[in-house]
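Here chain A shows up in two complexes: once beside chain B, once beside chain C.
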Partner chain A sequence: MAVQWDLYEMYLALLQAPLYHLIIEGLLMVWVAWLLLRKPKIRKPILTEKEQEELITDWQPEPLVPDTTEDHPALDPFVVEGKVGKYVCVNGRDCLNLATHNYLGLVEDKNMEDSAVECVKKYGVGSCGPRGFYGTVDVHLNLETRLAEFMELEEALIYSYGFSTIASAIPAYAKRGDVIFADEGSNFAVQKGLEASRSDVRFFKHNDMKDLERLLEAQSAKELKNGKNGKPVRKFLVVEGVYMNSGDICPLPEIVELKSKYKVRLFVDESISFGTLGRHGKGITEYYGIPADHIDLIMGSLEYAIPSVGGFCVGTSYVVDHQRLSGLGYCFSASLPPMLAAAAITAIDTMENDPDMFLDLNNVCRKLHIALSSLHQLRLGGHRDAPVKHLRLAKSTGCHNHDGQLLRQIANESMKRGLAVIVASYLDQSERFLPQPSLRLVANRLLTENDLDKAIKILEDSCTAVLS
Partner chain B sequence: MLKLFSTFIECCKKVTTSESQGLCFKTSKRVKEGKHSHISSLLPMIVGGHGDVNPNSSWLNGKGFWLSYGLAVLLLHLMLLCLPFISTAVAWTLTNLIHNLFMLIFLHIVKGAPFEPLDQGKTRSLTHWEQIDYGKRFTVTRKFLTVVPVILFVLTSFYTKYDTSHFIVNIIALVAVLLPKLPHFHRVWLFDSNDHSY
Partner chain C sequence: MAITSTCNCKLAPGQNGKSKHAHCSTESHFTDKQTFQEGYEGIGKPRNRNGIESFEEVPMSVALLTYMGWGIVILIGYVKEFLLSFVPSQNPEKNREGYAPLYSSFESFYTRNVYRPIRDCWNRPICSVPGAELVLKDRVTHDNGWTFSFTNTFTKCLNMGSYNYLGFAECEGPCATAAQKTTHSLGLGVCSPRQELGTMAIHKELETLVARFVGAEDAITFGMGFATNALNLPSLVSKGCLVISDENNHASLILGLRLSGATIRVFKHNNMKSLEAKLREAVVQGQPRTYRPWRKILIVAEGVYSMEGSIVNLPEIIALKKKYKAYLYLDEAHSIGALGPRGRGAVDYFGCDPKDVDILMGTFTKSFGSAGGYIAGSKKLINHLRINSHANCYATAMSPPVAQQIISSMRIIMGEDGTDEGQRRLVQLSRNSRYFRQKLRQLGLIVYGNDDSPVVPVLLFMPAKIAATSRELIKRGVASVSVGFPATRITESRSRFCISASHTKEMLDKAIEAMDEVGDLLRLKYSRLPRPIGPVIYGEDKKPQQDQVD
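What follows is the complex of A and B.
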C-alpha cells in the first residue's frame, strides 16, 4: 500500500532518528569531506633503502663503443658478389654454396625473375603503405589465396618479413596471464615472439615429449586447484617443424596427441619445413600424414624454400583473420613489395607443377646426411630428412668461444678451398638457451653426387688443416 | 623486435600528432578567416580515438558522465516507484540495493575490459575500479563514484524514516561497495580462488 508522506512527517522522522544512525551519517560526511579534499596521487612502487642500494650497485655503466678483439669476425668480413645460388662468389672465389637457405634451388629461377620484373613494370617497386592502409595490391590477395590453396587450409595471411611473422603471430594471440609451452631449442624469432607476448613461458627440453607432458600435467594440476570458479587459463604450445638451431624434426604425432589431451593451442613454425618436407612440400603435417587442420596456426617463411621475402600464416579463417587487426607486424609495417609477392606466386606454381623436386631434395638431404656422418672430427646433428644440418666439434675444447673460433677457422679454410659453409651465428647475450657452436650446412636440390663428394673432401681437408 | 614495434608505434604517434597539429593549424586559420566561428563545427573532422591504451581507464571521465549517471539512477528510482504495492521506503531501498549491486558487479567483481586493450593483457586481472585513471588515487571520477553511494544511502535513510530493518540492509549494501574502493583493497580480491601469481 502506497503511503502519502509529506515533508513535515519526514522532518519529524529526522528528529526521531536513532542516535546510532546520526553518528554513522556524521562519520560518513566527515569521511566524504576528507576524501574530497585529497589531491590526486599516483600509485608508486615504494622501494626500501636496501632495494635502492641494490639497484644502484647492480648498475654497471657500459662504454658507448666496447673494445673489439682483434680476431672479431666482423673485422674480416666475407665479400659476396653476384647471385647467391648454387654457387657463390666469396672474396673473389667461386664456391659451392652450402651456407644459404635455398633448399629448392629456386634462387636463380628464370620464371621467378621474369614475373618479378613484370610486376615492377606494373606496380613499381614499393607498396606504399601497410596492408590496412592503401598497401594492399591484388598480388597480395592472390598470394594469400594461393598459399591457402597450397596448404589446403581456409585462409592465409602474408607478412613482409619472415622474422616478424613469427615474432608478431605469437603475441597476437598469447597475452599476459596466458601460458606458453615452448621448446628450449626454439629459434630467435620464436623467442622474441614469446617475449613480446608477456605470457608465462615454460620451456621443455628439446624434443623431449616426457618433459612437455610433465609441464602440461603440472599446469592442469594447478588449474584443478583453482576449482570450478577458476578462470580457464589459455595455453599455447609453440614448436618448429624443423628446428633451425639443431636441424631436428619435431615429433608431431605425439605433440598433436598431447595437444588434444591437455587442450592447448598448437602453433608450428614451418619456416624450414614448408616446401621441403612431405611428398608435395606441404611441410611437417604432410610428412607425418596428419591433417593440417589439427594445427591451430602454421607460420612459415617465404625466404627459404620460396626464395622471396616475407612470411605467412595459414589456418582457419577464424584464427588467421584475428591477425589482420592484432598482428603488429601486419598492421604497422608496409606490405610486401608486390614484385616479391609475384615472385612467390611463381615459386608456388613451380612447386605445384613439379612435385618431383621434393623427392630430389629429400634424396639430397639423405645423401648429405650419410656423407656428413662419415666425418670423423665433426659430429653431425639433425634429422636425415631435414635440409638443415649442424656439424659440431667431435672433441669439444670445453670452451664455447674457443669451439666457435675453431669452427670459424674451418669455415674460412673451406671457403679458400671452394666450399661456402658458415658458422651459425647467435646473439650470445640474448639467446635464452645458447646452442653449441656449429657449422650450419644447408642442402640444396641441385647438388649432385659429385658436389657432395667434393664438399665432404674439402670439409675433411679443412678439418685436418685446422684441428691437427 | 620489441624495439622495432615500439618504433612503429612511436612513428604512428608522431604521424597522429603531426596530423592533429595540422588540423589545429587549419582550425586557427579558418577561425581567423571567420568562416567557422566555433571550433565544434570542425570536431567531426578530427579523426581518431581517445589514444588510450585502455579505454576503460578514461571513458568515465567523459563529458556528461555525471549527469547521465544521475539520470540513470533517477530513472531506476522512478520505475520502481511506478510499481504497485511498493511503498516509497521500499522503492528507495530497492533503488539503493540495485544501484549498489550493479556497482559491485561492474566496478569491483568483473575483471578486464569489454574491448581488446592494446596492453597485451595487463588489465586482464584488474577490476574496472582498479583500471580507472590507470590506478591513480583520489581523482575526480573516483571521488564521484565514491560519493554517489553515500548520497544514495543518506537519501534512502531519510525516505525510509530511519527504519532499523531498512537501515541494516542499506548499510550492508553501502559497505559492500565502499570497502573495495579503499586503497588497501587495491589488487586484493576477496572470495577469489584464482592464482594471480603472474
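What follows is the complex of A and C.
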C-alpha cells in the first residue's frame, strides 16, 4: 500500500511542478546520460598510408638477444663422462663427487637400472601423450599409490619434471586476488610458481617467524577493516623443508602454529627434505614429529633423493585431485616416461626395506657439517641435519661478481685435485632476492670418514692456492 | 603456385556450407616465385606440398542446438545442486574450519556436474606400449564417476590417441635396445642442472645432432617440452616487447609469455590478414599511451596445431615477419618428425629456409617416442639461452636413456643408421594421413585442418556426443580422444585421431568403419560440403617424388 501511496504523491507533485522546472530537470538528465555514455575521445593520430610505410621502414627493433661474452662459464660447463655417482669423471678427471644431489647414493643402485630396463622392454621409452590422452600407464598409477603410502597420505600425483611440479602446483590453487606469504630465501621454481599465480605475494625475511607474523597480522587487520561484506580472502603460505639456496631447515612447528592461527593454507616444497629428513625419510613432518595433515600440500622431487626424473604432490584427495585438471604442467605435457617411474618405484622399495640408510645419511650430514665448519677461509651456512651445505667466502671482497669468480676458481682447483664441487648457479637478473655466491656441497650417504677428510684437505688446499 | 592452387577449392556459389580456407588469402604477399624459389639451399627444388586446409563452419541450427545442449547440462547441474543443498553436507576437508574455500564455485560446479559423469573418457590407464595398438586396463565406476575400480580385464584397441607419429613408441628394436644399454652405462638420474654438474657427453651429442637435423647453427635441449616453452620465453622477451601470438597456441607458450612480462596480443588462428593487421598496428602505433616504439616484436606460432589439425602458413608468416622486422618463434612440437619429406617439420614441408625462423622449438615426446624439448637457432641465440635460460640453470638435466632414445630415432629418420627405415616411416605417415582424412570426409564427417596433417579432428558439436563417441569407439576397438569446452570453443567439441606410421591400411580401414557406424548412430555426419568422389586409393596421391628426397 505504502508504495502505491508514494507513487501517487509523486504523480501529484509532478502535476504541480512548474513547466520550466520540468524542462530543466529533463535537460539535466540528458546531460548526465551523455556524460556517462560518451566514449572517451582517444587522440589517435590518423596517418596516411605513406606515413605508415615510412614508420615501418624506419622502425629498427632491438636484436633478438643481446651479445653474450664468449667466456661465460655457462658456455663451457664441466662435462661428465659415465655415471654421476659418488665418483664422477669430470673433464676427463676422476673426482669424489660433492656436487650433485644424490643424497642416498641411489644413482649406483643396480636395482633401479634393472627395473627401468625391464620397463623399457614392456613399454618403450616415451609415453607419447599427456596423462589424459592414453599417457596414463599402470606404472604411473603404481608410483602414485606407492608415494601416497610412503608419505602416509591419501593421494599423490606425479609430474614429468621437478621444476614444473613446483611451478605448476602453486598456481593451480592460488589465483589473482589471493594472498601468498613466501620466504625470501625461496628457490627459483617457487618464485616462478608465485609469479604465475598472479596473486599478491608478500615476502617475509628468511626463516624469520616474527616477520611472518607481522605480515599475517597486517593482513588480518586489513580483512577486519573490510568487515563482513569482504569476501573471505584465500591465503597461502609457501615454505621449503630444506632451503636449496641456504641449506636451512624451516621451523615447521612455529609455522604450523601460525598457519592454524591465521587460517592460511600451507604448501611445503620438500624437494630436498623428502627422502633425507626423518627416521624413515618421510621429510620435514617426520623430522619434527608433526602430523602431515597439518600441511595442505606437500610438493616433492624425484630428481634428488630418488635419482630419477619428475616430481610429485601429496596430500588429501580433496586438494591433490584438483591438479589433475588444473595443474598446467600435469595436463598439458606428456607423462613421465614409464621407465623413470618404474625406477622411482624401485627406489621407494629400497627406502622402505633399508630405513637405516636415513641414519647413515644423517650421520654423514652431521660429520660433513662439523668438518666444513673447520675451514678458515670459508664460512659454512645451513643446518647440520640438512644434506645441502653452503660455503661462502669468510672475507667477502664486497663485490658479488668477484666473490663468485674466486669461488669458481676454488671449485676449479678442487676439481684438479680430485674433488667435484660447484658454485651454485643463479640467474643474477632474474632472482627475486639474489643469494650471495656460494659453493654448494651435497652430502651423500656413501661418503666415508676418509672421503670427508680427503674433501676437507682438498678444499683447504684449493682455498690456500686461490686466496693467498 | 602453392598458395594460388589452394584457392581453387572454392565452393560453388549457392552451396550451403561455408568453408574458411586459412591458406586462401586473396591478398597473398607473394608471387609463386618469391615463395618457393627462396627454398633452402641444398634441396634446391621448390616444392608444392601445400595441402588444402579447411574449417567447415558450424551450421546455424547445429550451433543453436549445441548451445541448448550445454544449457541443459548446466541446468540439470543446478537443479541437482539445488536439491542436494537440502541434504546436510559435510565439509570435504578436515581441520580446516574458518578457512576461505579452496576452489571457486563455478569451477567446482563444472567439474562436479559436467566433467565427473563422463570422466571415464579420459585418463584411461593403459598397460602396454602406446604403439599402433594399445591395451586398456578396464575399469568400472559404481558411483557415477567419483571412483573407479579395476576389473582385471584388458581390452586391446587400435591406438589413435597417442602422439606416436613416426611409430617410435616401441619396446623392441634398435631404439629400445640402445636406451637399455645407456641405462646401464650412464644411469638414470643426473641429480644436477646442466649449468652445475649435469652436462654429459650424451647431451652434447644430442644437441649437435638436433642442430644438424633442423638445419640450425646450434641447439639446446631440456628435460620437458612444456618447460622448454615456459622457462625459455622469459629470457627472450620482456617488458616493452610485443608478442603476437596465435589464438590457439599451447598452454606452455601462454604460460611462458605470461611469465615474461611482455605485452601479448592475439591474432586469429592461422589468419594472415589478422596477423598483418596486428603487426602493422604495432609498428605504426607503438606502445599504448606512450606511443614509444616497441623494443621488439615476436610472432609465436605452432607448426601443427594439436586440436585443429592445421598447418601453420609458414611462407606467409616469414614474409610478414621480414616485412615488419619481427622475430618468429615456431613451436614444432607436433610437426617435427611428422611433416616434410625429410621429417624436419613445417620448415621442411614448405621448403623454407630454417634460418628464416629465428627460434625453432620442438619436443621429443611425439615423433621421437621419448621426452624433452629443444630450441635451435643461431649460435648467438643458443649461447644467450645457455647463459640465461631458467631451465638450463635450475632444472635437472635430461635422463641419459631418454636422450639416447632421441638420438637413435633421429638417426633413423635421417637415414644415418644405414637403412631406409626412416624414409619408409615418413612415407607411410603421410600416406596414412591423407588416406584417413579423405575417407572420413567421404563419410560426410566434418574434418578440420590440413590434408597433410597427421592430427585429424572430427567435429561432434553437441556436448552429449563427446562421451558417446569416445565410448562407442572403444566398444569397436578404437581408442581416440574426445574433447570439449574448455579445451575447445564451446560449440566445437571434437574427437581427435592421431595418425601414426605404424598404422597399416587395414588398421585405418577398421577405424574408418567404426567411425562410419558411430557417425550414423550418433548422427555425426554434419558435412554439407560436396564429398570427395571416386574411390580414395591408398598411397596413390602425391607420392613424394624421388628427387625431393635426398
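Here are some notes:
Operating definition for what follows: the second predicted complex is superposed on the first by the 395 of 468 C-alpha atoms of A that agree within 3 Å, B and C clash if a C-alpha of one lies under 4 Å from a C-alpha of the other, contacts with A are read in each partner's own complex, and residues count from 1 in each chain.
To be clear about the criterion, a contact is a pair of C-beta atoms (placed from the backbone, for glycine too) under 8 Å apart; a residue touches a chain by one contact, two chains touch by 3 or more.
Here the structure is a predicted model, which means the values were calculated and not measured.
Looking at the shared chain after the overlay, A:V320 reaches neither chain B nor chain C.
In the superposition on chain A, contact of A:E303 is made with chain C only, not with chain B.
Between chain B and chain C, it is C that contacts the larger number of residues in chain A.
Legend: residue contacts after superposition of the two complexes on their common chain; A:A196 is shown touching both chain B and chain C. Look at A:L35: by the touch rule set out above, it reaches chain B but stays clear of chain C.
Of the two partner chains, neither chain B nor chain C is touched by A:L459. Of the two partner chains, chain C is the only one touched by A:K83; chain B is not. Legend: residue contacts after superposition of the two complexes on their common chain; A:R176 is shown touching chain B, with no touch to chain C. Contacts of A:S164 after superposition: both chain B and chain C are touched. Touch criterion met: A:N226 reaches chain B, while chain C stays clear of it.
In the three-chain superposition model, chain A touches both chain B and chain C at residues 163-164, 167, 175, 189, 192, 195-196, 231, 326, 328-329, 332-333. Per the touch definition, chain A reaches chain B in the complex via residues 1-3, 5, 9-10, 13-14, 16-18, 21, 24-25, 28, 32, 35-36, 38-43, 163-164, 167, 171, 175-178, 189, 192-193, 195-198, 200, 222, 225-227, 229-231, 326, 328-329, 332-333.
Taken together, the chain C residues at the contact with chain A in this complex read 92-95, 98-104, 107, 111, 115, 122-131, 134, 137, 159, 161-164, 168-172, 175-176, 179-180, 183-201, 204, 223-227, 230-231, 234, 236, 250-252, 255, 258-259, 280, 283-284, 293-297, 323-327, 358-359, 363-366, 368-371, 380-381, 383-388, 390-396, 398-399, 401-402, 405, 479, 481. Partner chain A is touched in their complex by these residues of chain B: 1-2, 4-5, 8-9, 11-12, 84-88, 116, 119-122, 124-125, 133, 135-140, 143, 146-147, 150, 153-154, 157-159, 161-162, 164, 167, 171, 186, 193-195, 198.
Contact residues on chain A toward chain C in their complex (touch as defined above): 47, 52, 55-56, 59-68, 72-75, 77-85, 88, 90, 97, 99-102, 106-108, 112-113, 116-117, 120-129, 131-138, 140-141, 160-164, 167, 173, 175, 187-189, 192, 195-196, 231-235, 263, 265, 293-294, 303-304, 306-309, 316, 318-319, 322, 324-326, 328-329, 331-334, 336-337, 339-340, 343, 420, 422, 424-427, 429-430, 440.
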